[in-house]
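Structure first, then comments.
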Amino acid sequence: MMAHKFINEIGPGETIDDIYMVKEPVLRSTTRGDFYIAMFLCDRSGRLNGRMWQATETAYKSLPKPGFVHIQGRSELYQNNLQIIVNNISVVDASKVCIEDFLARTDKDTKQMFKEVKEIVGRIKNPHLKTLVGEFLTDGELMEKFCKCPAAMKMHHDCLGGLLEHTHNMLRIAVAVLPFYPKVQVDLVLAGIFLHDIGKTEELSYDMAFSYTDSGQLIGHVVKGLLMVNKKSDALAAKGTTIDESVLDALGHIILSHHGEYEFGSPKLPATAEAFMVYYIDDLDAKISQVTAAIDNELGDSNWTAWKNALQTRLYRKRIEE
Amino acid sequence: MMAHKFINEIGPGETIDDIYMVKEPVLRSTTRGDFYIAMFLCDRSGRLNGRMWQATETAYKSLPKPGFVHIQGRSELYQNNLQIIVNNISVVDASKVCIEDFLARTDKDTKQMFKEVKEIVGRIKNPHLKTLVGEFLTDGELMEKFCKCPAAMKMHHDCLGGLLEHTHNMLRIAVAVLPFYPKVQVDLVLAGIFLHDIGKTEELSYDMAFSYTDSGQLIGHVVKGLLMVNKKSDALAAKGTTIDESVLDALGHIILSHHGEYEFGSPKLPATAEAFMVYYIDDLDAKISQVTAAIDNELGDSNWTAWKNALQTRLYRKRIEE
Amino acid sequence: MMAHKFINEIGPGETIDDIYMVKEPVLRSTTRGDFYIAMFLCDRSGRLNGRMWQATETAYKSLPKPGFVHIQGRSELYQNNLQIIVNNISVVDASKVCIEDFLARTDKDTKQMFKEVKEIVGRIKNPHLKTLVGEFLTDGELMEKFCKCPAAMKMHHDCLGGLLEHTHNMLRIAVAVLPFYPKVQVDLVLAGIFLHDIGKTEELSYDMAFSYTDSGQLIGHVVKGLLMVNKKSDALAAKGTTIDESVLDALGHIILSHHGEYEFGSPKLPATAEAFMVYYIDDLDAKISQVTAAIDNELGDSNWTAWKNALQTRLYRKRIEE
Amino acid sequence: MMAHKFINEIGPGETIDDIYMVKEPVLRSTTRGDFYIAMFLCDRSGRLNGRMWQATETAYKSLPKPGFVHIQGRSELYQNNLQIIVNNISVVDASKVCIEDFLARTDKDTKQMFKEVKEIVGRIKNPHLKTLVGEFLTDGELMEKFCKCPAAMKMHHDCLGGLLEHTHNMLRIAVAVLPFYPKVQVDLVLAGIFLHDIGKTEELSYDMAFSYTDSGQLIGHVVKGLLMVNKKSDALAAKGTTIDESVLDALGHIILSHHGEYEFGSPKLPATAEAFMVYYIDDLDAKISQVTAAIDNELGDSNWTAWKNALQTRLYRKRIEE
Amino acid sequence: MMAHKFINEIGPGETIDDIYMVKEPVLRSTTRGDFYIAMFLCDRSGRLNGRMWQATETAYKSLPKPGFVHIQGRSELYQNNLQIIVNNISVVDASKVCIEDFLARTDKDTKQMFKEVKEIVGRIKNPHLKTLVGEFLTDGELMEKFCKCPAAMKMHHDCLGGLLEHTHNMLRIAVAVLPFYPKVQVDLVLAGIFLHDIGKTEELSYDMAFSYTDSGQLIGHVVKGLLMVNKKSDALAAKGTTIDESVLDALGHIILSHHGEYEFGSPKLPATAEAFMVYYIDDLDAKISQVTAAIDNELGDSNWTAWKNALQTRLYRKRIEE
Amino acid sequence: MMAHKFINEIGPGETIDDIYMVKEPVLRSTTRGDFYIAMFLCDRSGRLNGRMWQATETAYKSLPKPGFVHIQGRSELYQNNLQIIVNNISVVDASKVCIEDFLARTDKDTKQMFKEVKEIVGRIKNPHLKTLVGEFLTDGELMEKFCKCPAAMKMHHDCLGGLLEHTHNMLRIAVAVLPFYPKVQVDLVLAGIFLHDIGKTEELSYDMAFSYTDSGQLIGHVVKGLLMVNKKSDALAAKGTTIDESVLDALGHIILSHHGEYEFGSPKLPATAEAFMVYYIDDLDAKISQVTAAIDNELGDSNWTAWKNALQTRLYRKRIEE
């Protein structure tokens, strides 16, 4: 199979014969009354306007909104903007598509990261937490999602595998930092980190693009995570293994409070040393990742990035002499 | 059985022979080296200092901290403050105590209110919501708590039966107001009101005094309510009845967002007309109840109450000529 | 008289011969040095670009900015946008125009609503409030404005008759809810609702479009309402009827505090049960109306509306199975 | 008449025969069943506990709560606190009392200040503002209150004559500063300063102590000031002199917005250069007066005052070498 | 030398032969593959698109980004927007350019203002402050910057000489106002005003346009001002003159706290009467200047300016009858 | 030398002959006219009331306020509170006192910690930072303060050696965490952590008690730290070694922004990856230390601590089964 021609690699006057995602197709008529379809053609590198002239209403109706399509056509400049003139368009099943062409993917090795995650949470000794975490690890379908899900829609780790990468980072930091705080309970911190964002697997959808599920928007990953922990605990109880209520509450509290402030959607503020630990490690990894990515992704050679609203500053990226 | 002598009815020089709650007993020694016990003696009308002279460490250790005790002794003025000199003290089992002497109780008829609550939520037609609400109504143990639990620790309806009174009020208001908003879905609003504070039954403890449970403080009634709805739904599923996921989400969203603002512990802001309706009716009933109670409870005859921090104002209580 | 051709009903290539509102006309010159007039042509359904070629400065100067004009011309597509080529344009007096074509109007029956408003406030028994409210009801000119004024520039009830519709809704809710709160003084609530937004009649102008008057922006409807109440009271005093000062203050306080928070322009926070009642009913009706309208007005078939900044959320509009 | 013996000048074991204000008198009984009256005895220098033994219910009922009384008795130390043993107590009419003994008074010359105020506002040339201001100046009863009223309950200029002193200061600052801003309209600024706090004369009561009137708390001096301006304008209209509406609005806007922020009770934010000028001069004079008074009033010789909550800091009062 | 032809004076079809600032030049290719340069051409009156057809990569690389260029070409209308067709472009050295054509300049006399500044701070009597201020006044290079620097990037006094004009205004206000507050230490206020924004000379760059220096963004003018004061003090110490530490701290505190609130970048809140004085005079001059400039600069004849986000209002600019 | 008898170890009826700190001594007279001195007697374990009867004014004047004194006397219970009756009191020079009896000290080994600090910052390779840090390390007097100073007045590490302990912790965390973020510049983070709170050595005084210096309150440790860095850089320049300006700015920015938010006194928000790193590690160590200390220090056996205002929660301290 031929390599995908990325949107940001297309120049004017090229022949196009590849799969793209079509978004927001609309049927319009020209001043002469002919129909044409205007659309966006996208992949993870960007998007272009597409125009299909002499289109029919049937052709329009057949298009997914959004979805994958095979495009044959040609690129051209129109008023100094590149666009694609579409001659043929046909729907492509998502299973035939290399999803990495359309969604960014972590550049780390997910198998290796997941192996390390399992190794670290494998150190948990408390039998209740050990059993509960085991119930998650042996849920193959969920772990597959866990390894594939992004950590966020934007801001940080917004890529396939981002949730795994973020969780992996946090666990490694916890392992490095916990020895300096001997009074903080290791098992709760490790289990809390492993599960703090597990609700993202139900909050986010990432088949063609990153988006929120309806349920995700109505309930949110913070509470969804707690619900998933309770379901696993109920499933264990049905199999005869009872997870202690106070362990469940202490773990649940970490999940509920890990955003650290009410205004970020935590219904509870951290009230245990372990909850504070998870909150700060989460924030540290998220912000440092966001900042270094923003510095990397900035175009041009200015010493300063554009204004970053979430950080309320521009970022300075000139390095000291090395 | 003789009527309880309330703390705020005791004058100086009276003989005391009654049950009170003892709080914060401490063993102290006089300058001469004799032991005595200092304690508070309380009921729902107030509290007084108690002193038991010539006490022993054994007597001290036998006391609940806090708990119910039978007191024999005498009231006296000491430096212009009333106190009780205790001659005999013996522990009383909570089951022998008339709890209403110690905790305020709604002055409405709880049986009648609960009957009306059942009648109103009985109007729900949507089969998913009807089944789910039915599962709660037939949980006798839970409904008993629902009828006994306060609506809050303080602020509004902080009395036995307060949760029922508040829910009952809200349902009646909804029935009165919904006809003016035909696009708002009645069934969701009624089910949402019935269950919006159901988590309070697990968040609050109210056997001897109003307090939070550990689990209540760690998780909170907002999320606990959602967990309870999910448990009931799982129980129904185990019995072969599936509650539609999107109905669960819409109802869950109402529960999660009913505080209306992040800073009041809602992890989600209202995003449906029904969620807004429950939020506003909850706020209306809570605030009007709080304001009218604050006006009623103010001592003296000033036109203004003391400063109310939660409302950021004093309240004016002079009525216009009637 | 022929029905108005609404802007959003015009297709390409149609002959135009109708009245529209002209906004922001500007005189420009082409690259060849000829003058033309660019303008917007509007009615309540939307607006289009208009172009009048071979225009003169005299023609330009004769145009109202904004105002009503009779247009003869033709619609055409230009760069995929519809525009109107104007051949003739002549000014039309506002009195000849059907204002409902240009400003949205409540779809409720204003006569019926006003009748019900009068019936409800007619129940007021307190002689001071009864007299004062009567002085407003018998001010024909003001009541005409009251029935025609919008309730807001945007957000909720932003239509002719919106103030009446909002006040009517609030009064009906008050009548439904007040029986549950016997300590709240009915007369003050009813008079307070009737007059809470009366200052809008002086704050807003709504002859051709909804806008603020200079005086409205400098003083605001909250304080203007209080001034109007004082003027009526002074007028009554001049006629020999004295309104009790403490009744005036209690009513004035409701008007001043009905936005409930300083940041929304209330110079006083609610400090009476009645002021809280009016504030909450106002907020309930405004928000539920805003939410249901936003859900109705959303185009497309997504389960979610666009982001609503005033509510800090998108709205979910999928209904549960009915 | 003998000079008043101030509370903070009384030592132990002195004979007392003077007028004080009695506050919060309560009738109590001793352990032996005898009645006595506990009370506070106050003047502007402080307050002491008073005890009248062998009191009767009749004597208690005759006491004002609060009010002026002639006390005969003796001072003594009780548990290291000074108190006054009252032998005789009789009510004194307020007219017989030198109010300055009980309320702090500005140490500036009020006659001179008022003369200068009149001189400065006499420079107003705009005929509407000149007439309107004249209507205030010729209202003798109001001007008497204006010269006597405090500027605030606490914070700054909380003394008899404080409103005059504050207004006088502001007018002198305006006269000094306006020449640097030639585009700012002098007449509006002078009239705005003169009347910005005129509502304080109705908001505050200061016969025996500084307190708020009911009406003051319900409506507030900001809006009361505007009402007073409108009443004067109506009175002028009744006499045949019309004040231009837009002048009234511009002046009214200054009064309404002079607190500068919603959270300080301004229902409008400054929107004219003149409103900004009055707001800043008001804030400057209030804050500098508050800071210098706080530094002066601090006891002890520490370089720092106690924490000042309204300023969110302690104040440093060591002066640089002079 | 011929007068500069300002951007906002250019009409269509004119010959252009003048110096402009070129900004954001980009090299593009047409659909036919030819290169052209798109750029902005600017001076202080505005900016226009420029197009240079048949450009070469060499020509593009030679352009400053941004910088001054001599342009020969012609203006034309393209899609109703004016643009400049560039035939010749050559780089011009900044030293050959009249900077006032490109950056707004105060319309006050800078020499006169600086003379008055020196006269006012010359009144300082405290020997420590006198010496320290003198060290600044005799730093010719710094004083040149002080007289040229803007007071801000936007908001107020955003012009060459703006810092001087603002400081001059503040000093004159202080001189006028200080006599009303005899307890405020004159010398500290005068020195504090003179130096409060001196860090702007290092924070802002203003050779071709107003912008921040890297160092300015990283450290900020508030702290930079304090650093400059310490450097001067160290320099004096090296010369044998010691500035008292407590005088340095009191002056430094004024500089650090002169924004008055943490959120505006003051690391300390005002804690001395002198710091409050400088803060308020700074705010007064900045805001009145900003408001009067915003009113002056508003186009059209509406009574209201556009919405001013920093002031959270539109401004009313109709003047009362004069 | 005999071990110090700590305040919280004294029982009633003991003979006292030891050194304590006297605070707030006052001279009072009894009802009989005799003088006595009331005072607090303190060490780091708590404080008690002291009474010296038959005192003279001379004795009173000789007392430090506060300071160290040798006390001879006896403990007794008065109204159930322990107090010390002082027979002899004599002033003790601070140099004769074991300061650790009066101020808490870190329980870590300060020599070992400082050795590790030097080892870690010794890894810095960038020559500018290496030289600058070296200038601090070789300032013996400053390093002695650095090892002795508390990290804060309260909240976290409020003990002798606290600044060293906190800095040591942060450096170890940085060393552990930096490998996961290869783009973050190690040298800047290490130097930034080493110097982020160095200004505390000038902000805090800790000879007899922890307090702020005048200069510390006026300028603050954040800015003082930057001033110290600049002084060291100037000293190096005087010796012929120039520290690069951009390195100074990058390091200075870390110091200025390390509180992360304006409201916590940072005049700049973090704008580099390194500044974010220092901010988060600082916050992590401070909060975890604060939380674990609060849990440790809580008396009683409740599962919850008292309300912690700075954290807006009570803390849960029950540990899961281990």
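Labels for the chains are A, B, C, D, E and F, by order of writing; each one numbers its residues from 1.
The criterion applied here is as follows: a contact is a pair of C-beta atoms (placed from the backbone, for glycine too) under 8 Å apart; a residue touches a chain by one contact, two chains touch by 3 or more.
Just so you know, these numbers come straight off a predicted model, no measurement behind them.
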For chain A and chain E, chains touching each: C, F
Furthest chain, CA centroid comparison against chain D: A
Equivalent interface to A-E, taken from C-D, B-D or E-F so that over half of the residue contact pairs match: B-D
Degree value of the rotation bringing chain C onto chain D, based on Cα positions, nearest 5: 180
Centroid-based (C-alpha) most distant chain relative to chain C: F
Gap in Å, rounded to a whole number, between the CA centres of chain C and chain A: 44
Separation of mean Cα positions, chain E and chain B [Å, integer]: 62
Of all residues in chain A, the ones touching two or more other chains: 214, 217-218, 246, 250, 253, 271, 314, 316, 318
Touching chain combinations (by label order): A-B, A-C, A-E, A-F, B-C, B-D, B-F, C-D, C-E, D-E, D-F, E-F
Chain C contact footprint on chain A (complex, rising order): 28-31, 38, 214, 217-218
Chain D residues touching chain C - in the complex, by the definition given at the top: 214-215, 217-220, 222-223, 226-227, 230-231, 234, 245-246, 249-250, 252-253, 256, 262-268, 271
Footprint of chain F on chain D - complex, ascending: 12, 76-77, 80, 303-304, 314, 316, 318
Residue numbers on chain B that touch chain C, as the complex places them: 126, 128-129, 169, 172-173, 176-177, 180-181, 183-185, 187-188, 244, 246-247, 250, 253, 269-273, 276-277, 280-281, 283-284, 287-288, 291-292, 295-296, 311-322
